[in-house]
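Next up: the structures, one after another.
First subunit A sits with subunit B, and in the next complex the same chain sits with subunit C.
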Partner chain A sequence: MSAAARPIAGSSVRAVAWRRRSARRALTFYAFLSPWLVGFALLTALPLAVALLMSFTDYDGFNLDRVGFVGLENYTRALADPDAQHALQRTLILMVTVVPIGVGVQLALALLLDQRLRFSGLLRTIFYLPHVIPVVGGAWVWKLFTDPNGGLLNAIIGIFSPDTYIRWLVEYPTVVLSVFVIWAAAGGGMVIFLAGLQGIPAEYREAAMIDGASPWQVTRFVTLPLLSPVIFFQVVVGVIATLQILQQPILLTPGITGISPGTVPPRDNYVFVGHAYNAIFVNHLFGYGAALLWILFALVLLLTLVLFRTSGRWVFYGVQQ
Partner chain B sequence: MRKYGVVLALAAIFSLPVVWVLITSIKKQSEYAASPIVLFPAVPQWINYQLAVTMADFPKYATNSVFLSSAYTILVVITSALVGFGFARHRGPGRDRLFLLVIGTMMLPTLVLFVPQFVMFARLDLTNSYWPWILWGLAASPYHVFLFRQFFAAFPRELEDAAEVDGCGPLRVFLQIFIPNAGPALAASAIFAFLWVWGDYLYPILLLNDQNTTLAVKLAKAYVDPRGNPLQTITMAGIVLYVLPLVALFFAAQRYIVRGVVTTGLKG
Partner chain C sequence: MSADTKPTLNAPHGQLRTTRRRLLAGAGAVAAAAAVAPLAVACQQQPTSKKSGPAKVVVMTDSHEFGDDDRKLLQDTTKIEIELVEADLTRLYAMYAAGNPPDIFRVQAAGIPQYISRRMLKDLQPYFANSKVLKIDDLAPANNFYKSDGKKVGTGDLYGMVKDWSPDFTLYAYKKPFAEAGVTVPSDSQPLTYDELAALAKKVNKKQGGKRTYWGFVHSNNDQWIDRTAMNMLAEKNQSLYSADFSKLVIAANPETLKVVRYLFDLAKDDVHQNPLDPSPNWMGADFNEGQIAILQYGFWYSAMAESDKTKGNVVFLPAPTWSGVRRDPTMTATGWVISSQTKDPDAAWAVFEQYMGGKPAQDRAKSGWGVPGLKSMYPLMPQETPFQKQVQKVLQAELKQSEFTLAFNPYIGEETFATSWKKHLEPALKGSISFDKFVANIEADINTAIADGKRIAGNN
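The block that comes next holds the complex of A and B.
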């Protein structure tokens, strides 16, 4: 700017050339971004605006002519809806069990495999395999394993207490769902933790050992604090994913002859997104469903924010590589 | 020795349910729910695999799955690499805010976006077709953009400088210098994209019909005998056939995947 304002002709020419070049650079930048820019406008920003508008209407998914504005009615209804409250409660219960246990398992696997072990490649593959199995396949794996007729789980328990006949998916659906989710996510988290472990210089642990720390103390006071940023990352990702869980509870619905869009999981596995899904795709309450989903989004944002705010107390960013 | 005990016990817990699927897939249906439980089939029933293929018109739905997954994968890898390259190696007003927007959209609950998209696709008569996946592919995906940005940001500056001195335009720099050196990122991105479509159950069931749907949807509806009773053994054979190619693909490219995961997951 100041260069262009100067009266000397030569530098003004240079300024124009410079401005032209930076304009061309910006153009190149936006050209590379163009797929995302157009995509964001049409497939993210516009839908979000539609979803927000929808949540203030009684839209039924069919007739745009008969849409009426209902103000905040969908939101007040959601807050008073006993099914929504139940679904939210089940989702939160799932979150507070699956996230800590799940991250714990991922961490334990990584710590175990980080040692010098024979067949460590094979072991890594075994733990990673469930992560690669698509959700439909994984659901079948657990349906079959817990099947009261011909399932292996009851047979194993039957060795200790004969004539066991537990209908797992009916009596303990949330237990099966939690185990399924933890099992499927373990391998992915393990790989991330293993990478995190490799980033910790060996000298730290060696120094602690020379000072007489036991292996447990090294893990507790050296390795875990240094891994805390990775733990934090996995907790945040886990919280966001568990709050949105939908396909797994639907696919684990008892009854083995298959499922349709209207399948309702057992009451214990009736999760929040499942409630919104039912409202929209089964009962055609698009406006109400949209309001439920916005409430969920607010909850996800709030919990993420709380996690970030409280992370200073336990996440250790002392050593940067 | 104690550490082997723990690891082996965990490995058994993790793999038993999968092993049980494999064993069930070669049992006779009469052996499935027999009491006392049949651990191994008297005679392996390999015919279950043949029945799994013929009873569900497996080739047709496998073709649907392969086509849809490949189309989405090719598009999303190309567009996301372009966008990721733009964010990593070019400058323009608002770059950091735009990138924050990319990250922000990754936090949106899937259905918040999908429900209005579904309404729009239905209005435009794009349901019952593969168009939604084509459009998602053309629009680039935040996860893949993030992966490519992280990957390209680590390249040394001299690469482009030398090319620009030689008179290379930005697109040629991208195509002839960056892409040939982006093998791991391309492989990771492609496999994640393929896996996503191949494994997804929700969008096909909501957007497609019984004829053009994918294997994931078809196989979730079990194989049944003429009286409507489920045939678990044949279903398991079908599930194995559905999962196996994916597992093979994944482990063939294991190194790249791990590097891709680590790039996106850690170097935030």
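The block that comes next holds the complex of A and C.
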């Protein structure tokens, strides 16, 4: 081997070693990621793809061997379906009600508990508790609370207005549903906001106070802008969760003790995923149900993109890009 | 931290990274091996256990009806392992979709035509023909719901059997509301007409300050079986909700059907029946137990629980009302078992089925009073000890003579389809958002679309 060749050979050996090390690191990385990757591929990506294929067929859950391709028929049908339109309208109303109020409540609770309060640990636990109660249990709590014949809510109102008999789940179903959803999500959002608040350096607020800012001005002009990425996150997550709501309206249906095909919630709480559930499990229209869900997916994607596009105007990341 | 680990943490950066990576890689390998090992073992064991192990039958049914004691009893009798899967329509569809349906599953009458039209059920006629336990001439009339000639239900080969059944249009009267209203409790030997029943319901219906004291007349299992009630009323005049070939729901164009639908609608509108504007938080059977219903329409099976601490001594069992004087009191549920056409071991499934329907479990069910036995030879086992049981039996024996009729369910729609549409449109109709005519038109539109879908799928099949 010539002297000139030695450095080249040495560099080649280093390159091979570097490549091997990189390959090993990549392999290790993917090995650790593989449980999630396999789970995502099998339990999310594959069902999504199958559902997309299904949405172009007349699959009814039993005719896999004789399934027929129907093109865009399920999608055109969904766009003309008055029940789908009604369900979508009710879902959007729920979204525009629940998301802003819900995020506001979560933020207010977090701001409250960020103060030096007595029993703040106890309050934190109490506010967080609804978040860990299973949805069925939570729905039961609210059904009992709003029961016309002995529910706590009517009893409390009855102190001021005797003989009050309000059938909350019949007369105000969407109000009860909205409050239930906000109540159930408040604790989880509060914890995320609290984490965000604790990530804001205290000196920013102290500097503003030294400059004469009032507590409200500190919150409005220092805390909220610095918290805006967390607010943005909560809004996006809230929008997605509300559009996908299914269990809560069904469980709040009077006389219903569980989720089953054929359960019909009050018309005002007839939501989009519930309509898809009926299409699939009551009418056995798996293809049509899948088309409805893909339309919902497109809507979720669209709204999320709109939120991301508008976030530049109100979300402050500290370092402007 | 032990002294042994310190040198690693104090090692040069590259060495530390290598060590951590190796550690993580090793841990990952161990974790992967741990995950894969049971699978590998399972894969190796599967053929062996299949060859040498006992037969196994998967039964999807209600665990309240088929408890662990029943399962063990059947296992001991048949020497077949039984796996119980809780009855759940959604899960059943999922299991069929996955090509792995239960061997035996629980059904009700309304679903049977659709299951048969989709060839989901095994034809059990040869098994019944050779059985010494389940003799064809001993089968109760409710088993006709499990017969099909390929076109209609009621005649032809047997595809299953009722576990027990009841003439389902009988009434239970709670005496207290009648006494409070100063109204005589109807006779248990003279059936009411539906018009008399509606008039009576208005008299015993009671609300105070908006709060419910008694519902007058509650029927159709919280409207879940509303189509069955309508079908039985119409059957008295040889009419149906559907056209003869089941291709259309016909309400508006058939005056008699319209009259029946109007009657049922008015019970809700008059607020004598539980409805979306005045719902009950409970199941109607529980409401009767609580003494909140004056007249309840349920089958004989409910007699086993009609007398609660609150209602005991105040319940009377009444014959089924009549719409036009031609009495019919069939079962509307015909709850029973069928065997999947995809079962891998039909003989084992039949052995379990046969013992459950004709062996000791069937005798125990007959003695419990939770339904009329599926075999006529077991009728005498029904309880007749208490005064209420004796009164129930007196009425029941007369009703059994009216129970031969079979309701003709539409094979193209699911068992919940009609009720779902009814409940969906009833609320706006009662609120006045839509007229009664629009209510009817909406239901017709929903059901006829569902029938068209079902027919297309059945045609593809």
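To be clear about the criterion, the second predicted complex is superposed on the first by the 266 of 321 C-alpha atoms of A that agree within 3 Å, B and C clash if a C-alpha of one lies under 4 Å from a C-alpha of the other, contacts with A are read in each partner's own complex, and residues count from 1 in each chain.
We take it that a contact is a pair of C-beta atoms (placed from the backbone, for glycine too) under 8 Å apart; a residue touches a chain by one contact, two chains touch by 3 or more.
Fair warning: this is a prediction, and the values are worked out from it, not measured in the lab.
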Subunit B versus subunit C as contact partner of A:270, first or second or both or neither: second
Partner chain in contact with A:115 - subunit B first, subunit C second, else both or neither: first
Subunit B versus subunit C as contact partner of A:28, first or second or both or neither: both
First (subunit B), second (subunit C), both or neither touched by A:61: both
Contacts of A:281 with subunit B and subunit C, given as first, second, both or neither: both
A:149 touches, of subunit B and subunit C: first, second, both or neither? both
Partner chain(s) touched by A:294 [first = subunit B, second = subunit C, both, neither]: first
Common interface residues of subunit A - those touching subunit B in one complex and subunit C in the other: 25, 28, 31-32, 35, 61, 147, 149, 257, 261, 281, 286
Residues of subunit C touching subunit A in the complex: 21, 24-25, 28-29, 32, 35, 89-90, 93, 96-97, 99, 118, 120, 209-212, 222, 224, 274, 276-283, 413-414, 416-417, 419-420, 423-424, 427-428, 450, 453-454, 456-457, 460-461
Complex contact set, residues of subunit A against subunit B: 25-33, 35-36, 38-40, 42-44, 46-48, 50-51, 54, 59, 61, 109, 112-113, 115, 117, 123, 125-127, 129-130, 132-137, 139-142, 144-145, 147, 149-152, 155, 158, 183, 186, 188, 191-192, 195-196, 199, 230, 233, 240, 243-244, 246-247, 251, 256-259, 261, 273, 276-277, 280-281, 286, 289-290, 293-294, 296-297, 300-301, 304
Residues of subunit A defined as touching subunit C within the complex: 24-25, 28, 31-32, 34-35, 58, 60-64, 66-68, 83, 143, 147-149, 163, 165, 167, 169-170, 254-255, 257, 260-262, 264, 266-267, 270, 278, 281-286
Contact set on subunit B toward subunit A in their complex: 3-4, 6-7, 10-11, 14-18, 20-21, 24, 32-34, 37, 79-80, 82-83, 85-87, 90-93, 95, 98, 101-102, 105, 107-113, 115-117, 119-120, 122, 135-136, 138-140, 145, 170, 174, 195, 198-202, 205-206, 216-217, 219-222, 224, 228, 230, 232, 235-236, 239, 242-243, 246-247, 250-251, 258, 261-262, 265-266, 268
